[in-house]
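There are two complexes below, and they share subunit A, which is joined by subunit B in the first and by subunit C in the second.
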Partner chain A sequence: MQDFSQEFMSAIGLILSGDSDLWEIVLLSLRVSLLAVVIAALIGMPLGAALAVARFPGRRAVVILLNALMGLPPVVVGLLVYLCLSRSGPLGVLQLLYTPTAMIIAQVVLVTPIITALTRQTIETLDAEYAEQLRSLGISRLASVPTLLWDARLALLTAFLAGFGRAIAEVGAVIMVGGNINHVTRVMTTTIALETSKGNLALALALGAILIFIAVTVTAVVSLLAPQERASEMRHA
Partner chain B sequence: MTGIPFRAAFVGLAVALGLSGAAKAADEFIVVQSTTSTANSGLLDAILPQFTAKTGIAVRVVAVGTGQAIKNAENGDGDVLLVHAKPAEEKFVADGWGVQRFDVMYNDFVLIGPESDPAGVKGGKDVVAAMKAVADKGAPFASRGDDSGTHKAELKFWKEAGVDVKAASGGWYRETGSGMGATLNAAAGMGAYVLSDRATWISFGNKAGMEIVVEGDQRLFNQYGVILVNPEKRPSVKVEAGQAFVDWLIGAEGQAAIAGFQLEGQQLFFPNAK
Partner chain C sequence: MRDFMHISPRIEATGLRIGRNGASLLNVAHLVLDGPGPTLILGPNGAGKSLLLRCLHGLIVPDEGRITMEGVPLSTTHRARQAMVFQKPVLLRRSVMANLTYVLRRQGLGWRARRLRAVQLLEEGGLAAKARQSAQSLSGGEAQRLAILRALAIEPEILFLDEPTSALDPSATQAIEGLILAAARRGTRIVMVTHDIGQARRLGADIVLMNGGQVAEQARVGTFFTDPQSAAARRYLAGALVI
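Right after this comes the complex of A and B.
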């Protein structure tokens, strides 16, 4: 184990000494996962809010299904997206397989249910609080969606970050639809899987430490935007 | 007003990330469906830049098991197939998926085992007898179990040894269903015997307590072949670029590049295109 910790430290050193390949991989990871989460949020937040306030038969079943979809297995999503994007699949003509776009699509599929479900939960609680007030102002249920979303924006940050965490840490789907092609679709998680399979365990772990560091940094940066908001609100008030 | 920095931050981020990716425009490239042994050993990283420098064609390698590589190629998700399972390759061509198969190079398989060698097969020259001894002893054996070229070779040896591994699966015979590296990691963890191609074994970083126990048997010969995917079946195949790659690989320059690739002072692949 002595050996291993030494190897680990030297791997960290190697990585941080300005390996341009690594930065390319880190940037691609961030680009793919952040874009996927932004797209998933644009879809999932309005959808989740609408589901929170709407009343229709079968709503409970939809909510249960949505909550279950939070646990979609990445490898199954990868397989489904592969089958769609493969040249012999229905969307093959788009030539998206083995591109970062394919990876974004797979992560959007994975993350959208998470953001939708968490938004539904958040907005439902808020709606219970404000429903009477909103209705007395003559605002219909669906028309109150933007107001509720805006009011819950800080709480929804958590939904966004949960989605990001899922996306950046996921390997099963992106390795299948991205192909882990060097300089094209190789991201942090697929690199870690590759180095592990080469038996370079210390290097793989060092890359893992960096991935965690990046996830923490992104979470911190996004979270730090929130208190500033609150402070400026107070100033305006 | 209060929300602007918040929203702008996201939009700015998305734009910045989007642009940074768009900058890398698509030069001409082909997709090669290949196996983990050629990619993970570093061979392709070493020789492909020479091809790209000469032709301007970038090569995107998808490294999976031979079985999956063939399936992906049949789906049209690759222009060229570079794998090591001759009967499966010949079937691929016979079924019309490939244009023609060419020998490229060979290396060999080696039987890896724990240094303690519970089955007592160390130093043998007969891989089938050694594997029979492993089975008789019930010593753990880690199998790829993933329809890869190495897995197909291993199953052939079991058949020759008259061992029914299906019956032993889950007992001493353990199918990892994973790539060569993952299977070597598992074998190291279990103190199991395992069949590996020599290239992956030499370049493998986690040899923990394992060593080559049988090598040099004629039957351990491991031939690699290259095939252009048939454009008549899959019109999306980039015929010219793909053919250029096949021609280069089996031509003098490609063959010399393969011969020149060494790891830890050892040549891993031996060119033998005709």
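Right after this comes the complex of A and C.
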């Protein structure tokens, strides 16, 4: 027990002293996950919206598949991305394995279905309300997508942050394709896993604290942004 | 009487039929909207008035029948020249002002022109003080007024209005009726559903009575109220059909 409290103190020390190794890891995590979620949103939001408004045979099957992909096991994603990027894989020539880019790719694969599925749900609900009015204005189904995306922007921001939360907390896939190389591909989650197994609890605890802080901040931002319109709402008994 | 121009486009519907689960919801043998001045559609709840408006606007395709505008079969290009105010107004989740600038932008107006026109419309509709407010926070009547202003902003050749003043107070009703008449004088064909007989008398040049999915009677306003020809019209006017 004595050990643990000591580890706690040195964890706090690490955070407060601005330990360069620690912040390098934190910054890489943020860079990788932010970039991944931005790319995932650029793909997933238009795709999800298009899926919400389009009508084609087999649409239900696609929606079901997409919802299933939301729960894609990270290790499987890691394995698939690994196979693609490994020396003999289809993208092997790019030599991306064990680079931050590989981790970004893995997180994009993981997060894109989540953002696509959440967008589809959100846009479909809004479209049920808007469809006839937009049609009356002479706007075709597909052309109504930008309007729907813009008017659903708060709900979509929530989807974006949900994707970010998933990306930054992910371990399995990034450790497989990133390799947890010191000063190159070490992110918060993989470092916590490694350092804990090595018994270096101070660094693990410090990173854990920062990870929790980020998660709380993201959630707080979501709940602060969402009820913007409710500022002028009446109080209910 | 009021001077309406004869330039409003002619609408003609022939053999319109819509059925669901064996029940006939709409069955209109022949309907021509051609004369000058507004057409007011009356009829009890469930008579098919909203359904008819949706068909004429091209939002739903009837099971059978044919609709032409100026002799040309209805198409998407026509809809751009028409506007419709729905029985339940649908407003964008944006500010009151943005609901107007949204359609003005589609009219090809520049940023400044859009804002000027929107402000002008809001003043005419008594909503100028609400310009920056979220459209979702408007009262029922205010929302209805905004939906009407948005339809007028399009300056349509044909304007379909489905009970547009059902939630309006007397003075707002008067103001909106003024705007509708002004549009009619500029040559917009007005096709409007109402349950307000007084309003039908005030605005209507032509009255269409719907009953059980059919056009029970179509007549000039004077004839309809003084000398109804059909039994359905006589019953309707006596209040017998109103549920």
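Keep this in mind: the second predicted complex is superposed on the first by the 206 of 237 C-alpha atoms of A that agree within 3 Å, B and C clash if a C-alpha of one lies under 4 Å from a C-alpha of the other, contacts with A are read in each partner's own complex, and residues count from 1 in each chain.
We take it that a contact is a pair of C-beta atoms (placed from the backbone, for glycine too) under 8 Å apart; a residue touches a chain by one contact, two chains touch by 3 or more.
Note that the structure is predicted; figures quoted are calculated from it, not measured.
Enquirer: After the superposition on A, what does A:136 contact: first (subunit B), second (subunit C), both or neither?
Expert: Only subunit C is touched by A:136; subunit B is not.
Enquirer: Once the shared chain is lined up, is A:225 touching subunit B (first), subunit C (second), both, or neither of them?
Expert: first
Enquirer: So, A:34: does it touch subunit B (first), subunit C (second), both, or neither?
Expert: In the superposition, A:34 touches subunit B alone.
Enquirer: When the two structures are laid over each other on chain A, which of subunit B and subunit C touches more residues of subunit A?
Expert: Ranking subunit B and subunit C by residues of subunit A touched puts B first.
Enquirer: After the superposition on A, what does A:197 contact: first (subunit B), second (subunit C), both or neither?
Expert: A:197: touches subunit B, not subunit C.
Enquirer: Thinking of the overlay built on chain A, is A:151 touched by subunit B (first), by subunit C (second), by both, or by neither?
Expert: In the superposed model, A:151 contacts subunit C only, not subunit B.
Enquirer: Do any residues of subunit A touch both subunit B and subunit C, and if so, which are they?
Expert: The answer is residues 229, 232-233 of subunit A.
Enquirer: So in the complex, which bits of subunit A are touching subunit B?
Expert: Going by the criterion above, the answer is residues 27-28, 30-31, 34-35, 38, 86-89, 92, 95, 97-98, 100, 150, 153, 179-182, 184, 194, 196-201, 203, 225, 228-229, 232-233, 236.
Enquirer: Spell out the part of subunit C that touches subunit A in their complex, as residue ranges.
Expert: Per the touch definition, subunit C meets subunit A at residues 57, 59, 76, 79-80, 82-84, 86, 90, 92-94, 102-103, 106, 133-134, 136-137, 154.
Enquirer: List the residues on subunit A that touch subunit C in their complex, please.
Expert: 126, 129-130, 132-133, 135-140, 147, 151-152, 229, 232-233
Enquirer: For subunit B, which residues are in contact with subunit A within the complex?
Expert: The contact residues of subunit B facing subunit A are 1-3, 5-6, 9-10, 13-14, 17-18, 20-21, 31, 36, 40, 45, 60-63, 72, 74-77, 178-182, 184-185, 203-207, 234, 236.
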